[in-house]
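Okay, so chain A shows up in both of these, paired with chain B first and chain C after.
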Partner chain A sequence: MQAVIKKKAIELLESGTVNRVLGWKAGEFFYDLTPAVFTTPEQIEKDFVYSVFSGANMSKYLIDESKKEGKVAAFIKPCDGYSFVQLQKEHRIVRENIYAVGLACDGMCDMREIREAGIKGVTSVEEDGETLKIGTIYGEKTMAKKDALLERCVHCKSKKVVDCDEMIGENGEENRDCGRFDEVEKLEAMSPDERFAFWRSQLSRCIRCNACREVCPACSCVKCVFDNPNSGIAQKAAASDFEENNFHIIRAFHVAGRCTDCGECSRVCPEHIPLHLLNRKFIKDMNELYGFYQAGADFESKPPVMNYTTGDAEPSIVYARGGDK
Partner chain B sequence: MQVDKNWTPTIVAFCCNWCSYAGADLSGNNRLSYPANVKIIRIPCSCRLNPMFILRAFQRGADGVILCGCHPGDCHYTTGNYYARRRMTLLFSMLDYLGIEKERTRVEWVSAAEGAKFAATMNEFVEAVTALGENKRLEDFRCKQ
Partner chain C sequence: MQRIGVFVCWCGSNIAATVDVEAVADALSKEPGVVFATNYQYMCSKSGQDMIREKIKELGLTGVVICSCSPRMHEATFRKTCESAGLNPYMVEIANIREQVSWVHKDKAVGTEKAIILGRAAIAKVQLNTPLIAGQTPVTKRALVIGGGIAGIQTALDIADAGFPVDIVEKNPTIGGKMAQLDKTFPTLDCAACILTPKMVDAGQNENIRILSYSEIEDVKGYIGNFDVKIRRKARYVDEEKCTGCGTCMEKCPMKKVPNEFNMGLDNRTAIYIPFAQAVPKVATIDANYCLKLNTGKCGICSKVCLADAVDYEQKDEILEEKYGAIVVATGFNPISLEKFDEFAYSQSPDVVSSLEFERLMNAAGPTGGTLLRPSDKTHPHTIVFVQCVGSRCDASAEKGKEYCSKICCMYTAKHAMLTREKYPDTEVYVFYIDVRTPGKGFDEFYRRAVEQYNVHYIKGMVGKVVPEGGKLKVQASDLLDNRQIHIDADMVVLAAAIEPDKSARPLATKLTASMDTNDFFTEAHPKLRPVESPTAGIFLSGTCQGPKDIPETVAQAGAAASKVISLLVKDNLVGNPCVAKPDELMCNGCSSCEKVCPYGAITYEDKPFRGPNRTTLIRRVAVVNPAVCQGCGACTVACPSGAMDLLGFSNRQIMAEVDAICK
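Take a look at the complex of A and B:
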């Protein structure tokens, strides 16, 4: 796959279709891939990486990149594709300046999962069909790829790239029965006290690094409410329980209806807080109350919170729903 | 746990300028009584209510927050309360999801002619929040005396 993508990137640069390519390169470690912009074929030959760790959602970088001179090539995986379309709907990116290459994707891996499986001292990871060949300082090991997948890939909601200029690999289909709300349902079935204890144990680890906000393609305000010094909201490490709750409720609320459930927030969280559970709760509620909606699945539909019907449920419906007492 | 018999909850009521605020006025004119611990904050439309206002109210010591607006369909700005209705439904559901008592938050539609409904709603809400006790799950110790 990497060779095909590299070849495509070089081809696009050399033919003059684009003057730069948005892709991944190795960060500090081989598994922490960083988004990067390449301008010459030599750079691509040397640094471009596409591996099982290319999970980063590139669509947010297109907000800035698409406003520069000339065309940019972007490689869009299915889950990036939803954010890509959603950002177009919000007029945040200039589509004419982008050459989008869709990528068929069968899941990205998470280094944490490999480490949790007890494999230490990893020096290389290679994909071989359904298994991962993992080179370690203690010799070679193997692991089933499905055990090392990122959370969002375990419950992959769609393998369809909604909008692209060309595809590498076969375009797939949406999968609505992916079970991504199972965890949310489990939480809903708990008593309020258990839920409160669960979320305290999770959110109290928050160090307010704002990584979830920075990486989120939906969180793309030029000036964020949390950056306003006059808002009275703490800018850094949360000083009380309230700040933690406040930040996470508002963060999830501000992207409600626009969140494509790409799972980047949980992927980048240094404290492993399952932030996707907050976003998915909103998505689940909106699906149940206002009809199924997938942000970024098309160019026309209105997000549920920017829309209404005269017969909507009253807020008091909340008292009757979910796990009570 | 010791229960303070003299404790009364602090309730923040966000009232739409065009309906509920006038409804509160009418209930006063009609000499109807509702508890003095309801603090009314006037907003231009129920849709003006930022979810952050509710969280802030809890942070600064509110034990219950109620939003009063025009009946759906009667909004002064035509559609404001429809949006408010969806937002509040989602927010209350999220508060419940985080384990925060959902009974502390409420939305009621009160028109300018419903002074009696305003007083009755407030009486009932204060009673419900008194039964729940102090807000412990969304408080901020820095804001306590």
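Take a look at the complex of A and C:
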């Protein structure tokens, strides 16, 4: 796959279709891949990486990249594709300046899962069909790829790239029975006290590094309310548990209806807080109250929370569902 | 820092009895920025207003807080007062210490404390107030009347008489509504058709009135003075312009078994039909549910016999887009369904009829040509039992019927009883009632005439059960005054079914954002002082859509609604509301969230140059609000993810300042 993508990237540069390519390169470690912009075939040959760790959703980078001179090539995985379309709907990126290459994807891996499987001192990870060949300082190990997948890939909601100029690999389909709300249902089944205890145990670890906000494609405001001293909720050190709770809850509200459930917030959280569950609770509620809705699945629809139809759930139903449920 | 004056009103004893006004003024005088605080018996009186004016001038006040009644009551009054003293009217805040304090609390200590807190919140807000100036919007000098019954017709005629164009949108093929189905009208017993049909013709011929029959409201956007309405003109498969109403198609139509809704299903009509002879517009309509040509493709007779070549099987629904300055709702009523009242055997015997069906049986243009015959065997009934309050004044726990009194049943039942006795003196007529309610000019005299001159048997009590048996209806009832059970072998039973708003009213209210009560009657802006206006500006109410009423009341209300519409349409411009949304361009993402939620279409976007780092220029898409169109609903301010959108006069900072002041 990497070879095909590199070839395509170089081809696009050399043919003059684009003058830049947005891709991944290795960061501090081989598995912590960082988004990068490549301008020459040589750079691509040398640094471009596409591996099982290319999870980063790079559509947010297109906000700035698509406003520069010339065209930029972007590689769009299915889950990135929803953010890509959602950002277009929000007029945040200039589509004409982008050449989008859709990538068929069968899941990205999480280094944490490999470590948790007891594999230490990892120096390389190679994909070999369904298994991962893992080189470590203690010798080569193997692991089933399905056991190393990112949470969002375990519950992959779609293999369909909604919008691209060409595909590498076969474009797939949505999968609504992906079980991604199972965890939310477990939380819903808890008593309010249990649920509060659960979230306190998670959110109390927050160090307010803002990584979740920085990576989130829906959090693309020119000026975030948490950075605006006039908003009354400007960023403060997490001096109290109220601050920790509030930040994440306000953020979940702000992206409600626009969150595509790309799962980046949880992927980048250094404290492993399952932030995606907050967003999924909103998505689940909206699906149940207003019918299934996937942000970024098309160019026309309005998010249910920003739309009004005469068939909408009456407020009484929303209240009735509240409380202990 | 503002220089704020606080004026605490006693409202006579309305406030002063439960709130220590002196203590409130004293406490508020110590708030930051307050340079003067006082209390007075009637702040809204001339001397109260004069005092406010004097203090503004004398102390150079830059903000005013009035602790008094609800802002709905006197905010406008005090704004005017302050404006006349040279203060911007939006520098005035009202702390509602009457409805929210004195009227809901009994303990003076509690009331006083809460009044001080609300006063403090208002002061905190005034600190952040800025002068606002209202713009003006032009008025579209045209009215829309929804519903073409007597209410809609009268409203339209009155508005048209004042010289303004009016459209009547009627969902049925003809205007006329329920009144067209009635036989005689109480208390004068003049024939309904004789007084209604000339009005229908007037409406049809008036050059200011356009009748859009067989049409429904699809969508309403906009606001007072400038509504954009989409009207669905349902396909009637007949060209209205060409049809002459000759009726040949109806004679030839082979599909003759369609229940005739105009006669309450008591007889049949053809698939292509004109509801009744005096219909306006007198144009045929094809009932798509029954037409053979439309359903099977075979037939086409009406098209062949039509000399005007008016039949068009290919006709489609059309959407008409129109602009109006005012909208009048006149959607009327229907009798309730009687399915939950089977103790009266309505579904078991055709001789148990509703009052509206009885109306058709008595009507010369009805299915029996005006001769009263039992629907079952077409014989003359000799004993008729009328049951009042069927579904009216029901207990809420019974879960059937309505809690309210339908108001018109006592009178029309007296009318039915009287007319029956007049025409057929050999008929015994019983009326079972809970109470007889006949207030109104000439109404009680009318009812007494039925009892005294026509010997109608009025019995206080309810019918418990009706059992059809051997061609008779066995009626079991109780006489509460004599405290005994009664058994009557009746030939017919007539049920005075409760009335309810038309089913189209609820979805319409949603489209109009007009409020309704739990019974789906439209609510008025004030039950006593603004009875024909909806709380939604520019929406007016006419007839039974607002509550049960008889024809005289309906016509009076229709005229009142028309006069309100006229007084709106004569204005060239409306002074707008300066409390409109305003985006902070520096924070705006241009994401269109606000545009998506704006119900008025007040938000557009433009690409604007901004100064970027290193002397560069960035072009950014930012929201622009048209203040003439914005109604200040605030939907955009909550939709905006970055908080770039704010509402002038109700900014987030102002509201948070109020909350902080309350929670201090």
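In this text, the second predicted complex is superposed on the first by the 303 of 325 C-alpha atoms of A that agree within 3 Å, B and C clash if a C-alpha of one lies under 4 Å from a C-alpha of the other, contacts with A are read in each partner's own complex, and residues count from 1 in each chain.
Everything below uses one rule, namely that a contact is a pair of C-beta atoms (placed from the backbone, for glycine too) under 8 Å apart; a residue touches a chain by one contact, two chains touch by 3 or more.
Computed from a predicted model, the values in this text were never measured in an experiment.
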Touching partner for A:Lys281 - first (chain B), second (chain C), both, neither: first
First (chain B), second (chain C), both or neither touched by A:Arg195: first
Chain B versus chain C as contact partner of A:Ala313, first or second or both or neither: first
Chain B versus chain C as contact partner of A:Val225, first or second or both or neither: both
First (chain B), second (chain C), both or neither touched by A:Tyr31: neither
Superposition-derived comparison: chain B or chain C, residues of chain A touched: B
Touched partner set for A:Phe48, first chain B, second chain C, both or neither: neither
Contacts of A:Lys89 with chain B and chain C, given as first, second, both or neither: second
Shared contact residues on chain A - chain B and chain C: 225, 306-308, 310
Residue ranges of chain A in contact with chain C within the complex: 67, 89-92, 220-225, 228, 230-232, 254-255, 258, 302-303, 306-308, 310
Touch list for chain A against partner chain B, complex: 187-188, 192-199, 225, 239-243, 245-246, 249-250, 252-253, 256, 278, 281-282, 285-286, 289-290, 304-310, 312-319, 321-322
Parts of chain C lying in touch with chain A, wherever the complex brings them together: 507, 510-511, 586-593, 596-597, 599, 605, 618, 620-621, 639, 641-644, 652-653, 656
Residue ranges of chain B in contact with chain A within the complex: 51-52, 55, 58-59, 72-73, 79, 82-83, 85-103, 106-107, 137-142
